[in-house]
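Have a look at the structure that comes next, please.
Letters A, B, C and D mark the chains as written, and numbering starts fresh at 1 in each.
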Amino acid sequence: MARFMTLAEAMKETLSDGDSVAFEGFTHLIPHAAAHEAIRQGKTDLTLIRMTPDVIYDQMIGMGMARRLVFSYAGNPGVGLLRRLRDAVENGWPRKLEIEEHSHAAMANAYEAGASGLPMAVFRGYKGAGLAKVNPNIKSVTCPFTGEVLAAVPALRPDLGVIHAQKANRQGDVLIEGIVGVQKEVVLAAKRSVVTVEEVVEDFADVHPNACVLPRWTISAIAVVPGGAHPSYAQGYYGRDNPSYLEWDGIAADRDRFRAWMETNVLQAKPEDFADRVAMLEKRP
Amino acid sequence: MARFMTLAEAMKETLSDGDSVAFEGFTHLIPHAAAHEAIRQGKTDLTLIRMTPDVIYDQMIGMGMARRLVFSYAGNPGVGLLRRLRDAVENGWPRKLEIEEHSHAAMANAYEAGASGLPMAVFRGYKGAGLAKVNPNIKSVTCPFTGEVLAAVPALRPDLGVIHAQKANRQGDVLIEGIVGVQKEVVLAAKRSVVTVEEVVEDFADVHPNACVLPRWTISAIAVVPGGAHPSYAQGYYGRDNPSYLEWDGIAADRDRFRAWMETNVLQAKPEDFADRVAMLEKRP
Amino acid sequence: MTTPSFSRDEMMTIAAARALGNDDVCFVGIGAPSAACNVARLTHAPNITLIYESGTIGTAPSVLPLSIGDGELCETAVTTVSVPEMFRYWLQGGRVTIGFLGAAQLDRFGNINTTVIGDYDTPTVRLPGGGGAPEIASSCGRIFITMKQSRRGMVETIDFVTSFGHGTGQGDRRALGLDTRGPTLLITDLAIWKSDPETGEFVVSSLHPGATRQAVVETCGWTARFADAVEDTPAPSELELTTLRDLKARTAKAHGASGGSDS
Amino acid sequence: MTTPSFSRDEMMTIAAARALGNDDVCFVGIGAPSAACNVARLTHAPNITLIYESGTIGTAPSVLPLSIGDGELCETAVTTVSVPEMFRYWLQGGRVTIGFLGAAQLDRFGNINTTVIGDYDTPTVRLPGGGGAPEIASSCGRIFITMKQSRRGMVETIDFVTSFGHGTGQGDRRALGLDTRGPTLLITDLAIWKSDPETGEFVVSSLHPGATRQAVVETCGWTARFADAVEDTPAPSELELTTLRDLKARTAKAHGASGGSDS
């Protein structure tokens, strides 16, 4: 049952060293504030799971928090490569990073299977693809009706799922609108879940009946963090801060500059700072 | 690409004798008008597919149009048994009816697999259930990661899928709201599709971004039939006509009364009659 | 013979309502007592989550639906999802604590038949079938069964296993790989039966006001077992009875005189 | 040397746009030329359906997105679905006629690498990876590839098969059970290449204005083959060029000077 608490309390209660955790968001609604809180709390030995690890995972990997990464596309969206991730994979800095690499279809299906309580996802994929040769978690099943060989991957069931959403109501139900990505699935697939929201409203009385709503009893903790997706965006609240994504490319290119930036902007910062960061951004419809 | 046409044209173009066809709707938005048009056109040797065959399939079976029925719950919702269906199964009247019986979970998964282009659906089901012993289309696959044995059923890929929806826009996109059932899946799973709608609007400009919308290029034909779900209901348009469901129990109880009722209310009726039938029903919010 | 101030049906519904709690997530399938679920919601369990298989989650109807897909269910729900999602994410996902099932035939181990009377291929009576029941029975945390007692319904051997209870006794579920508890409670118009943790059999644990052991035995097709200490089911409270009757009255008014069916 | 009135980049984008039709359903993955898709939509193919893997279907952005999940894509879409649904119902469902892919490394058979340069376990350069590409390559009706020509990009042998094209030649797709056509078109800044139906190899079928055979050969890491009759790609029309430049200008204005990246 969803409990409202501070972001610091939420991450402390739900995330432990050694856990597998998915901070999900598909360009939209990326939970930056929650990731920064995890960084401040110095969590370590994490297995990071995400379809599109971008800036926040670059930051966590650069801080040496990750033992393993499960992913399908590791890029800075609209910009290019992730330089901290590359440094970890190519040079083992600041520590060696194990990777388990999939395709988007596999990851999306694996979250769907996790939400569905299944041990595996079955789909038509990886035909002729090199990943099937290097990832032992890509197997197959044969259709007993047609004989077709289909791909199978293990369901994703993270210890913790973390997402950012537009709003919660007072009862703790959470509403996600626009590009909803795999956010519903990651919360349902995870053993525990944290949702940061832009605001709390009295109720969702006027919401569309088929909108993406997570009932309160599917969520562990809710923290109100206005601007908590910055520099990602929250439809209806603020637009994407594109210059910040571009700036990251330069910051992450150098180990010292990275460390200094993290010290100032993450370690010495607070969840409340996110509201200021989006104050000047265009409000999106 | 969706083409607007009369219901008579739509059913003539898309449904042939011997086809497999799913007229879907889960209590809400049941395509009565389209089913009646198929009856008037005297289609025969059909394989009827539906999770919850109710009055319309009782009618089609009673008229001898069905060779085979694939289903998971055959009842008159809120009332009881389907008497024409029983007569066909128990007594072979007016013709013998083959049945392939599943659970709801199996049918829902099988539509989902059909929409997903997969040959089969995999789920955790039929444990200890008698249907697994009498239905040869219930098989299993073994998870290569955990060894768990899961149920497998063939994907549903009807020749034709028929649904009723609230509205289309001028381009032919279709909006379904409220209890959406398996309607999206059946259209995506079927080779051809017919959608009857309450009305056509200029555009969906104000619709929720995550509402259930079928793009025009997924639909074969759209026919405007106000009231076309009667005595089922269309959220936002008219409520369920409960007395008609109760009345059906008496009509279907007797072969002659059934035939007479069908002659008057279906064979001699037109799609336009549905608008009158819902005129007096309470408008639902 | 005194005229009781409540009917056996009312007692059955209220006894079922009492078995539900605030934290329960309850799957209300076709034929199940949505009256009981809604009485619980309107009395001691205001935060109970009711799910109907039509896709409505966290619904709070002011009148009882005539079908599992009435518009009122959607209008009052926290969210309404597609039917494939309902069966995949919500039921199979293991999120439902209690599944309510009815039965045309029931045996002492909680195995249920709603498929056919007689042989499957040449049935005497073709019943509606299982609907969601096969997977409700396996995926929900616990299963509650409600039915009126009769020798035709509570039988030694059911004609067809629509949904699996405890098979031929405790251990059979685990042998099938099921880690849910299966049928734990049977609420009839005469008594409350609980599943014996040793044998998996239903055992009478409580008799409703006015019901006798003899009445239970005579209306049960298997040899009824009674707990060492059989309790007395408390009579419906004023609040319970008023809530149920108001609900039924609102339902009758909304749907016409025919309203109020639970299926 | 004359100064052309258009750049090679512009020619590449416009040539790609021309290959798209009104009835196409186009999957615009990461790194793919959404500029080309949107120029097609704004010129000869107003009814083309553009799908971005973030879940937006039938989107019509007025400026180019910086990422595949920009808000503008959702705001202008016919509908926005979840990412699992996108990959199950829409891509795997076989509804996409054309998938656009880019490549870090490409071979003559349309096999693509966007995963690693060097060995997979000890890479020289760790690239972003495949994202949707492995299943885009197998599920879409046809695959169009766009990239600037270079010997580093168009290579004899790619280091890793991120997405499968024609393997080592025609027939390899069918052997894998693939009944989609795979890469049929390669559009570079110098030429249009088409897949040879016999061998599965890319063959130059048309040279862009100002591009020479020699330039194509020198910027291609495999031995370039030319069709018997190599055509001349028509220069961009006034409308095409204006449409593309207006789109880029709107994009730059909306996103700032840095705007307009296709990925």
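Everything that follows uses one rule, which is that a residue touches a chain if its C-beta (ideal position, glycine included) is under 8 Å from a C-beta of that chain, and two chains touch if they have at least 3 such contacts.
Note that this is a predicted model, so its numbers are computed, not measured.
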Remotest chain, chain C as reference, centres from CA atoms: D
Centroid distance [mean C-alpha coordinates] between chain C and chain A, Å: 40
Distance between chain centroids, defined by C-alpha means - chain C, chain D (Å): 57
Chain B and chain C: spacing of chain centres that average the CA atoms, whole Å: 28
Residue list for chain A, restricted to those that touch at least two other chains: 112, 116-118, 123-124, 148, 178, 180, 184-185, 209-212, 235
Sequence positions of chain C contacting 2 or more other chains: 74-75, 80, 88, 92, 139
Pairs of chains found to touch, sorted by chain label: A-B, A-C, A-D, B-C, B-D
Contacting residues of chain B [partner chain C, same complex]: 26-28, 51-52, 71-75, 77-82, 85-86, 89-90, 101, 103-105, 108-109, 111-112, 123-131, 134, 148-149, 178-182, 184-185, 212, 233, 235, 239-240, 242-243, 245-246, 284-285
In the complex with chain B, residue positions of chain C that touch it: 30, 53-56, 65-71, 73-75, 80, 82-84, 86-88, 91-92, 115, 120-121, 123-135, 137-139, 160-164, 167, 172-173, 176-178, 255-256, 258-259, 261, 263
Interface residues, chain A side, partner chain B - complex: 116-120, 122-124, 137, 139-146, 148, 150, 152, 154, 177-178, 180, 208-212, 235
Chain C partner contacts - residues on chain A that touch it in the complex: 1, 112, 115-118, 173, 184-185, 188, 204, 209-213, 215, 217-218
Touching residues (chain side chain D, partner chain B) in the complex: 23, 25, 49, 57-58, 74-75, 77-81, 88-89, 92-95, 139
